[in-house]
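Each of the two complexes below includes chain A, the first together with chain B, the second together with chain C.
For the complex of A and B:
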């Protein structure tokens, strides 16, 4: 097989764990190398992904048609009520708009859409060329807000102005403008916000249910099954519980600074981290020992049914090897633990947006010889999958065909998923999906397993 | 119908952006990497969108603009990107398509490419660089598709002695369609140059190792011969003259251009086969006569199910036009022919194929989105919808069945293996249409008939 090298300029973003020697920290938090076919998207993507699940707002993409078309109904973020987030609105800028400006079109679009759909708020996403033609989005938003009486929030998400992470921040910035504008009356002292949980396949409902069973009030979920009114009163919660830390830590920090709400980082994937996310919240309410008791009760009940059901999978999967490449690094920690609990080891772990601290922790957790990558690409991922003999890849839509081409199993851990992977039930679903993909007899025909080309 | 509310914004678009089409077309050139000169997101979103239909890896490189590139021009990023793609993918060709961003700041891409060739002359092997201008604020994905085909021919075709060769520009059709077209040309025993040909790159076999660029596609050397061909056949009746590859070869090299609508239906397919017979002087293979006979027989067997059925057909204009002609020859009434595209030609072209369109009440609308189509559907009350997966939202909401074809098919399996063209494609479409009607009847009946 032809040797595949790492691109010049990317060597420091790839590392193979070797405790025997001193290794420099992995380089990260940089913009993608031109021409490297990064799996990352852009600033707009970061904003869109965070705000997408807010279901009673309209999301208007100001720019040419592509950005709105490619994000129409793209995520499995479900709503228990309104579903405005599943519609795609674009100002669909044309050449003349680029020349003469798109402000009038934006204004008219907003007024009409608000009239027609009666949303609780509107998010206006700036795309690349809006940043160039100089439309005064702020002014238009203010004007429309004044005329319609609803919050109209500009999201500065011009694709080229940074990375996906800057998009997260722009989205959080818009949310921050809403937070603090609602009444906090009647909010219990024993209350939390769930941050960075997007209700993919109803995951936020599963998590919310656990907390409510413990006697804790969930004020707002940001942004899964999101509602503008809930966001507006989020500052009334006692604690922020942050899952997708890459996207929402900034918001948590802002809320801490402005409203004095402390935050903790959690993960809802795998038995260990799921349990810990309940205990970590309970610990924050020491005057109510019943909350901790309830948490213990939930964990013990759930594990009692879950654990035996996992054994069949573990038996089959023990010794199999996995590769992980996902958006946020925090998720990789949980996945490593979850995979270990079903007998699998991890030979490749990486993320699009991890930071220095994440990678240090990742390295600590990984086995010797595990390859760690930041902002990787299809060529590198394939190289390591083959070199390390992985049996499974965990990733998103863009990683899926790489796995299937190479003849290995794949677990969809992305925003499109239709099956909840969070919570205790999610761990079962995860193990089942991994089992069904890795153990499928179809791989016998893969060239990797001796099948013909 | 006028929307009950004023409507400025595009809602649930029935089109995609220009660069997507260019990426797909470049994917149909052998050992070619599509490269978008713009933000990282463009490449990533388009990859994701294409993967969800084709289920194949598709690597699209990006020059990954930063703020500095937007201010000072993207030349530096483009050059680094080209260098990195050359090193990592070792392509024969890089197909550079622009985006709204690079077009708006006014990057002179041809000049940057010339500079790049000079600067890196003695470095790694220099791939052929093709540039297509595809600003997302103009037209839609189909324009990008044609722009890339046109740019490739323009960049590569060179004067050579006449040879017995047919150029085929098949338009944006499925890999299965492309394979069928190649089979037809091979059976005619005529050398051909078909562009693009992503029949293998977007629908190929398993890999033993990672292919930076999957095998398949039209070689650059073959595209070079296009100017020496005895004729070009171009499917599509709304292609802008400035983007018609066949038109370019006609004007520049005197290669006669034959424009046909997408050959869907018996009449459309007959025209295509007759043209091939005329051009090659060969009779079609008996197997196509058989396909045609079976299709005529199937029309007879199924005609009562479909007669006077009212449908809305939407998608790329050329697909809609080809489908409309086919639907008419089986007695169906496309009460609305709709497209997000805006060539200004769709109505005229449909009238050429369906002269009684006005009497039949066939309505044609360009530049519409799915909310417009939905408004129409409420009035027109069609029996079903025909088009890509993106009509599902309105199909479900209004309880109108959807027969999926074209691109994208995101909510069914095997869109890349669906046939649309020629007798074989028409047969497949006809079977599916009849089955849609049968299924509808069976479901609507309280009896539970087992013979339909």
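For the complex of A and C:
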């Protein structure tokens, strides 16, 4: 294991921070090397995760069965009402469809679906082969929209047409078609949209509540606990508040251009960033000092109870080391800060989809000797975890068993988080989860920790 | 609740699949390839495919699952994926150093017409495959069949591409595993040992996907059928294929290539299928059944008799993969239970015929559908129309079980929310006993839960 080095051709995507010498920028935004055991996914995956939480729409995957099967109820994006998003719909394309085209099947499927479920809208995802067999999805969608009277939106998410980020963009493109089609009457001047919050474990509800407490109207959450009608009137908001830089910045920029809505980037993880995300919004409404007052009030109240409750975790975790490998780089920044606030240092930080700017900032934030990686793989992750002596890995589903095989703690900061990690309460949950995993008695039995017979 | 979305009225659907009872070929090929020692599965397609398969297998086994991808780009889809695959082969041997790369195709690479045989030959001709290393392949288009087909294709590919006949027969038998868990494969090896025969079992995911905690992350765990064993399978006296859909094609390939005669049996789930398996070994190898196995059988029959009163006439809905649900259905019938609804997303006339035959003889009124639109939505609709006492199937069944408020046993692939399948077999007499225990527990726990206070009894 240890003798396996860094993948040839990947040297520039890995960096160990050393302020003493001049270092080249990390290479990123590249597609993965053929033959690598990459942890990345595809364009379709990007689109699917972004639109998935829209709960009163149907999500029809046009392609062979796999793409629909693997994305059936994979994400704990909670809905307060309808749950159409949690079903799996597929055109299940067969060999004959590949030869003769899948348009008829798509049309029939759509009609059957809309008749069965009476959804508010339909998203149709193109998968790899749809692009190749030349189905005119746009035309079918238009036809069905005309016949059924609901928006039927193609999502151009052929897997090979770029990276997951391009999938985010394709999803945003579909959302852009909906935005602007609803009435903005009665929307307050003091209003926002929450972008890039997917309501995993109910996180969007927590965030929404903070803003509403400040006296701000939340027009739409994109896309957590999402509703088509809310999306349609999102252009009536005064400000876009964007979390998850990778997925939604494009949409925010488009909305700025088309509707003149400015946007800010925020993060809801950790005390520091959570507080800032309330202040940053309040600042945008200077004629209402009460909003800033309310924000301060929330922060002070929350921190008053949260801070002391974190101390026991901090005491236990001080000096422990963490490795972070998550989807978006923006999340990494918050996690570094959140971990520091409970006494932990970060020895490895990486993301699947960060850009140049993200990595520059990451490098600035990290301690000396921290390894920074873009689009990593299990070999590198295990190598650096062992070399740096990490006690915790923060990642997603494919990273979890690697951590456990190495005998260190793990925290899922991706689709499989089961408790809210956002907001002030989320910081407590995060600290608790990290504490419980890192301090678990089971690691002592791992042979590497001297637990052999 | 989630599946309150299911309507009772069954309408014929022409295009749409809702809540599939299958997935696509490549994941089956990936799983099969993990059962060869030192093998790195390779997905020749977009990055997402590989990522999804690894995630699903990881969730099912709670183990790291290693596989590489050609990482198709727009260019590859226009000019063909040959360059990607050749580059991938270079990268993989240089960096991950497997003994074998097992390439499977995807809908994308199949549609653009990549010929894996030709590309792997080119890799070999160009000297890209180091001495003593192998690149094997299987064509696994996602728009044909299901994950079971992909498994079957890869297992057949393993047989054809490794087996050699030296002309000298070896005193050994091939057992070709249909889609089963590492625990089941381990149990097959144990049973063969007890029966006193030498076997080559392939694929064999035990000690790969149920690997112990060692404090290390190893790319190639110690399990898996070795290349030497696979090569020698051509010299075996006979093959037993366990499962006519997932294993038989490999046995046919071996017969064709190396003239190894074969017999196809069901996966030994339940009493009668295990009887056929044990007698099959006994007949083929000319060995007697040891007392140890007879006693195992006796214990299973004993429990079946002891507990028949709790099971008789209990109505069951089940879904899953052909080679597993066929013997399972037989077992349920042997227990006096009533399989009311059966669904498999995997298409195929052979399976259709086998299941029909079993049902025609013993339970003609059972609802059964396989292939297109044989999905969980249909199964759920059937359950709404004709309710059942128990549901058996993979984890996705939990929604239906909750909606209908009936007990549920996890069985099949994938199981994403429980452990056990990797460690405790469902096959053989003792595995079937465990399965029976699960069925009993599910039904009796429910009986206890629902009993009125005066009927809630110590002895049931």
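The definition used in the following text is that the second predicted complex is superposed on the first by the 450 of 453 C-alpha atoms of A that agree within 3 Å, B and C clash if a C-alpha of one lies under 4 Å from a C-alpha of the other, contacts with A are read in each partner's own complex, and residues count from 1 in each chain.
In this text, a residue touches a chain if its C-beta (ideal position, glycine included) is under 8 Å from a C-beta of that chain, and two chains touch if they have at least 3 such contacts.
Here the structure is a predicted model, which means the values were calculated and not measured.
Steric overlap between chain B and chain C is present once the structures are superposed on chain A.
Contacts of A:84 after superposition on the shared chain: chain C is touched, whereas chain B is not. By the touch criterion defined above, A:44 reaches both chain B and chain C.
In the superposed pair of complexes, A:279 makes contact with neither chain B nor chain C.
Shared-chain residue A:100: touches no atom of chain B or chain C. Of the two partner chains, chain B is the only one that A:453 touches; chain C does not reach it. By the touch criterion stated above, A:70 is placed in contact with chain B and with chain C alike. The interface of chain A with chain B overlaps its interface with chain C at residues 1, 4, 7-9, 31-45, 60, 63-73, 86-95, 97-98, 105, 108-109, 112-113, 116, 127-129, 131-133, 159-163, 378-379, 382, 397-398, 400-402, 404-407, 445-448, 451. On chain A, the positions that touch chain B within their shared complex are 1-2, 4, 7-9, 31-45, 60, 63-73, 86-95, 97-98, 105, 108-109, 112-113, 115-116, 127-129, 131-133, 159-163, 377-379, 382-383, 386, 397-398, 400-402, 404-407, 445-448, 451, 453.
Considering their complex, residues 5-13, 15-20, 35, 38-49, 51-52, 55-67, 69-70, 77-78, 80-85, 87-89, 99-101, 104-105, 135-138, 140, 205-210, 212, 390, 393 of chain B touch chain A. Residue ranges on chain A touching chain C, taken from their complex, read 1, 4-5, 7-9, 31-45, 60, 63-73, 83-84, 86-95, 97-98, 104-109, 112-113, 116-117, 127-129, 131-133, 159-163, 378-379, 382, 397-398, 400-402, 404-407, 445-449, 451. Of all the residues in chain C, the ones that touch chain A in their complex are 1-2, 5, 7, 11, 13-20, 22-27, 40, 42, 45-56, 58-59, 62-74, 76-77, 84-85, 87-92, 94-97, 106-108, 111-112, 141-144, 146, 211, 213-219, 345, 372, 396.
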